[in-house]
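Accompanying notes for the structure given below.
Going in written order, the chains are labelled A, B, C and D, and every chain counts its residues from 1.
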Amino acid sequence: MVDLSVKIGSLTLKNPVLTASGTFGYGREYDPYLDISQLGGIVTKTVTLEPRQGNPMPRIAETPAGMLNSIGLSNVGVEKYLNEKLPLLADVDTNVIANVAGNTIDEYAEIVSRLQHHPRIDAIEINVSCPNVEKGGLAFGTDASVTAAVVKGVRNQTGKPVIVKLTPNVTDIGVIARAAEDSGADAVSCINTVQGMGVNIHTRQPLLARIIGGLSGPAIKPIALAKVYQAAQAVRIPVIGLGGIMGWADAVEFLIAGATAVQTGTLNFIEPAGPVQLIQGLESYCITHNISRIADIIGSLEKRPVK
Amino acid sequence: MVDLSVKIGSLTLKNPVLTASGTFGYGREYDPYLDISQLGGIVTKTVTLEPRQGNPMPRIAETPAGMLNSIGLSNVGVEKYLNEKLPLLADVDTNVIANVAGNTIDEYAEIVSRLQHHPRIDAIEINVSCPNVEKGGLAFGTDASVTAAVVKGVRNQTGKPVIVKLTPNVTDIGVIARAAEDSGADAVSCINTVQGMGVNIHTRQPLLARIIGGLSGPAIKPIALAKVYQAAQAVRIPVIGLGGIMGWADAVEFLIAGATAVQTGTLNFIEPAGPVQLIQGLESYCITHNISRIADIIGSLEKRPVK
Amino acid sequence: MQTSDCKITAQDAITESVFRIRLSAPGISKLCSPGQFVHMRVSTGLDPLLRRPFSIHRAHESAGEIELLYRVVGSGTATLRDLKPGDVVNLMGPLGNGFDLEKPVDHAVVVAGGMGGAPVFYLIDALLKRNKRVTLLWGTRDGREIFDEADFEARGVALKIATEDASKGHNGLVTDLLKTFLAQHAGSAGLGGYVCGPEPMIRAVQDIVRSTDFLWQASLEEQMACGVGVCLGCAVKLKTGEIQMVCKDGPVFDIREIAFNG
Amino acid sequence: MQTSDCKITAQDAITESVFRIRLSAPGISKLCSPGQFVHMRVSTGLDPLLRRPFSIHRAHESAGEIELLYRVVGSGTATLRDLKPGDVVNLMGPLGNGFDLEKPVDHAVVVAGGMGGAPVFYLIDALLKRNKRVTLLWGTRDGREIFDEADFEARGVALKIATEDASKGHNGLVTDLLKTFLAQHAGSAGLGGYVCGPEPMIRAVQDIVRSTDFLWQASLEEQMACGVGVCLGCAVKLKTGEIQMVCKDGPVFDIREIAFNG
């Protein structure tokens, strides 16, 4: 038997596989396709204080080995999230991580204060990295001092583990990761989507109504791995890795590069049972390689002998 | 007849297709595969003051719809470049753009002073964006004031068009592009490669000896388009677009997003005749869409009616 | 529900760019209803990455098979075209809400444009089974994309054709046929309308049917990622201001409720 | 030289993971020599993206065909395996320097390990044509990857086999065979050596042949992008400190000149 459990702050995950925010709804939508209680956890769609319809259409497009999205944090708002969405997860044996975003620094704290007493929420992920909104999002996550202020505000509101979701659209992710750590975050997750764009050459219109959106999927895996590695070198708190994970082998790459857990995003759209298959694959990998605790491979990247 | 010519500062290109530095050698290597005089121009491999062997092996790896490289500016050095490489291009009817890098701000100026009298050099591209070297490269191109200093130093040495090659690995490419413009650059080219990484899950070694390298190829096309669009919004000088161009349709996307010319990089490895096929494709596109001057579509992105 | 690998049992060219494919998909053939779609992964590679949605063109429950009708427009459909009987694709489905088959009390008028012809075959099969009277107004640019006319007529479907290349029927748009039909049936009771086709056609129909007082159901298309209401990529705005998902709340909507362009 | 679409004329399985493929490539079959390789694009899609290098396994100039022998190790070779006669791949080549066929004045000893067997067939054809005496030392993990033994012997090749699964010949490594051979031929004149195989084997051979005084040519492998010396991705360091490109300056090098690990 392989021990697949890992720890994110005070939170124990039975395995390192989470589903990423915005790609797994509020947790039950994919029930026909997989048993969510097998997951290490679920990160729910970003919730904001007020409901949001999101950006104009079109808001998705395909790219080579990737996809662009410009959903714009379409969500039901915190009220409905608490009253209608969280109860659906009441007796599911997995961790629920609420992902939140605000328009202002104070709004992040406010929304966390509303959520934090709910017993079904096991941890909070702060989205300061959405490329598809005017306020909050990227504009916050690219600035270390704003990131620090958001994290401090949230930290004051809750004793639950706080995860800060970072954007790759920065010169040095280590600086932002350290700002999060120093402000009391229990972990960072990286990466949110990479800014990207496409053009319809016949109409000369952008593929996304909002022109620039966020790139996800296997195309960004090498970028995500580099950011995870850089973040893991910069902080002592756990790093959760995501970006382009399509199978267990990709997940192993992230663990070796320094991630304590991983999230699957775009994969869920392509193969809804993918996250569970990934857990099985991780277990087989450990057996093949004689690894008894998956935690042992975290950050185990070996230097190459120089040729 | 379609007018495919475009202008980069005082330089006229007979068509907007250039081959990118580091992917087309010193210009003659692909002679068996295409007629280089058909190209808008050739950007030669980055040349440094001294010859460089480059980084340890392995220094390339494949990724989904992309590739990682960590060549590390392996090149013959400026002496040999002047005496052995440039003469090979003596009577080729196309523009030759020399791409240069230095270890220090002064070295950039020094190498340009050595090159700038050579009649075969039509323009100079400054590489402040290589992710694979300790000094110069990325460390310079992510800092607006260092970029400005490099450009000013080079500008003082030469009256030839100066193109600054930008890195996408920054929070705001517009800031760096403006620094280049304000310091006297005639154009910017974007993008150089995106930082990326891969791991061999069986040996736990990084795919590249130097761990982090540069991602190129179709995977990064959406990222490159976004950067070109952002740079073109930020400056008035021409933007040369590159990153993941695999065919004429990709090139058209870049032109519409704001590029005045394009470069092909990874494509050359996959289809050496690709750049010339691309020129033919651009011409057909113009004919189909009744465009008499390709310059008319530069930056012609249309806003979508909001749905 | 699961995703399942489905074997291709037949693939025929209707024209150089339109193909009919038959797939072994027992689960889907049993559960599906007209207007629903399948979400297909055409290869196990990473490019193209996303699944592609296709309306169910016909379902054969006893054979455990379904048919799709598709046009080659890009890399996904080009890959599909190159597959041969025996090859396998992966399907999710059936997805979406499907048509309300009971709403035309008596006489169903089906308006199909371009690849909107795909779901119409299955729809008409089901309407005829329910003993509805059926009129099919079918328009395409290229007349060769109209087929099985004799079969429709033999089964009692009143078929009117419009082609832009003047090769069959009326030379013009399917909306011309609709205007004529509505003029002829002004005031008729028991009617119900179904509309399948590209967005510009659906907008035109929305305009034309404003004056009628029966239900018009339209099947919409949007770029899709998940196909099940999770990614929120395929939103359509209703006139109420509400946002709905084409994949989950649709693809069939009351045409009058759709707010095109804001 | 050009890249060219080449039709597959035959494809046979040697084992579940090793395949021999035959391609119509008149230009390449005419120009190539043993030790050279072709650079193959297995699909027109974007994943896998790069070309894949394969040694020429055999050339049939009159038929205008070449053969390759390959092992399925990843997505590119898996795609290749699934192709059928009539399907097309795109080739660049012939690339690289190839072996010096004149250097063994009299007796060529060919050392092949694993997929290093691929180029050896073509090499031996050429050596025999030049009336050289040939000894082939051939080692694999899985004995089923050794084939055509009778044919080699019929043509006068002295064949010694080593397998790690003990299924054929010596139970052990091909380097064991080499040590024995060298002991038996100590002091012989007119010898020349060719080495094809994975890097660890080539290193071991480098070590073993240190004491011999004839030329040992080794064919190297490195990850490749361009295949023609442009990308500078496939560097190998020589003991002189100089950097050379496996694709252009090689893949064949004097084994004594290669500086493994620094």
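Keep in mind that, in the parts below, contacts are C-beta pairs under 8 Å (C-beta built on N, C-alpha and C of every residue); 3 or more make two chains touch, one makes a residue touch a chain.
Everything numeric here is computed off the predicted structure, so don't read it as measured data.
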Farthest chain (mean CA position) relative to chain A: D
Whole-Å gap between the CA centroids of chain B and chain D: 37
Centre distance in Å when chain A and chain B are each reduced to the mean of their C-alpha atoms: 33
Centroid distance [mean C-alpha coordinates] between chain D and chain A, Å: 46
In chain A, residues with contacts to at least two other chains: 57-58, 64-66, 218, 246, 306-307
Interface hub residues of chain C, defined as touching at least two other chains: 46-47, 237
Chain contact graph, described as a line, ring, star, complete graph or other shape: complete
Residue numbers on chain A that touch chain B, as the complex places them: 56-58, 63-66, 68, 142, 169-172, 194-199, 201-206, 209, 211-212, 215, 218-223, 225-226, 229-230, 244, 246, 249, 252-253, 256-257, 285, 289, 297, 300-304, 306-307
Chain C to chain B touching residues, read off their complex: 46-47, 237, 260-262
Contact set on chain D toward chain B in their complex: 1-3, 41, 46-51, 92, 222-237, 243
Chain B to chain D touching residues, read off their complex: 22-25, 29-30, 32-33, 53-54, 57-62, 64-67, 69, 71, 74, 217-218, 246, 266, 268-273
Touching residues (chain side chain D, partner chain C) in the complex: 45-47, 75
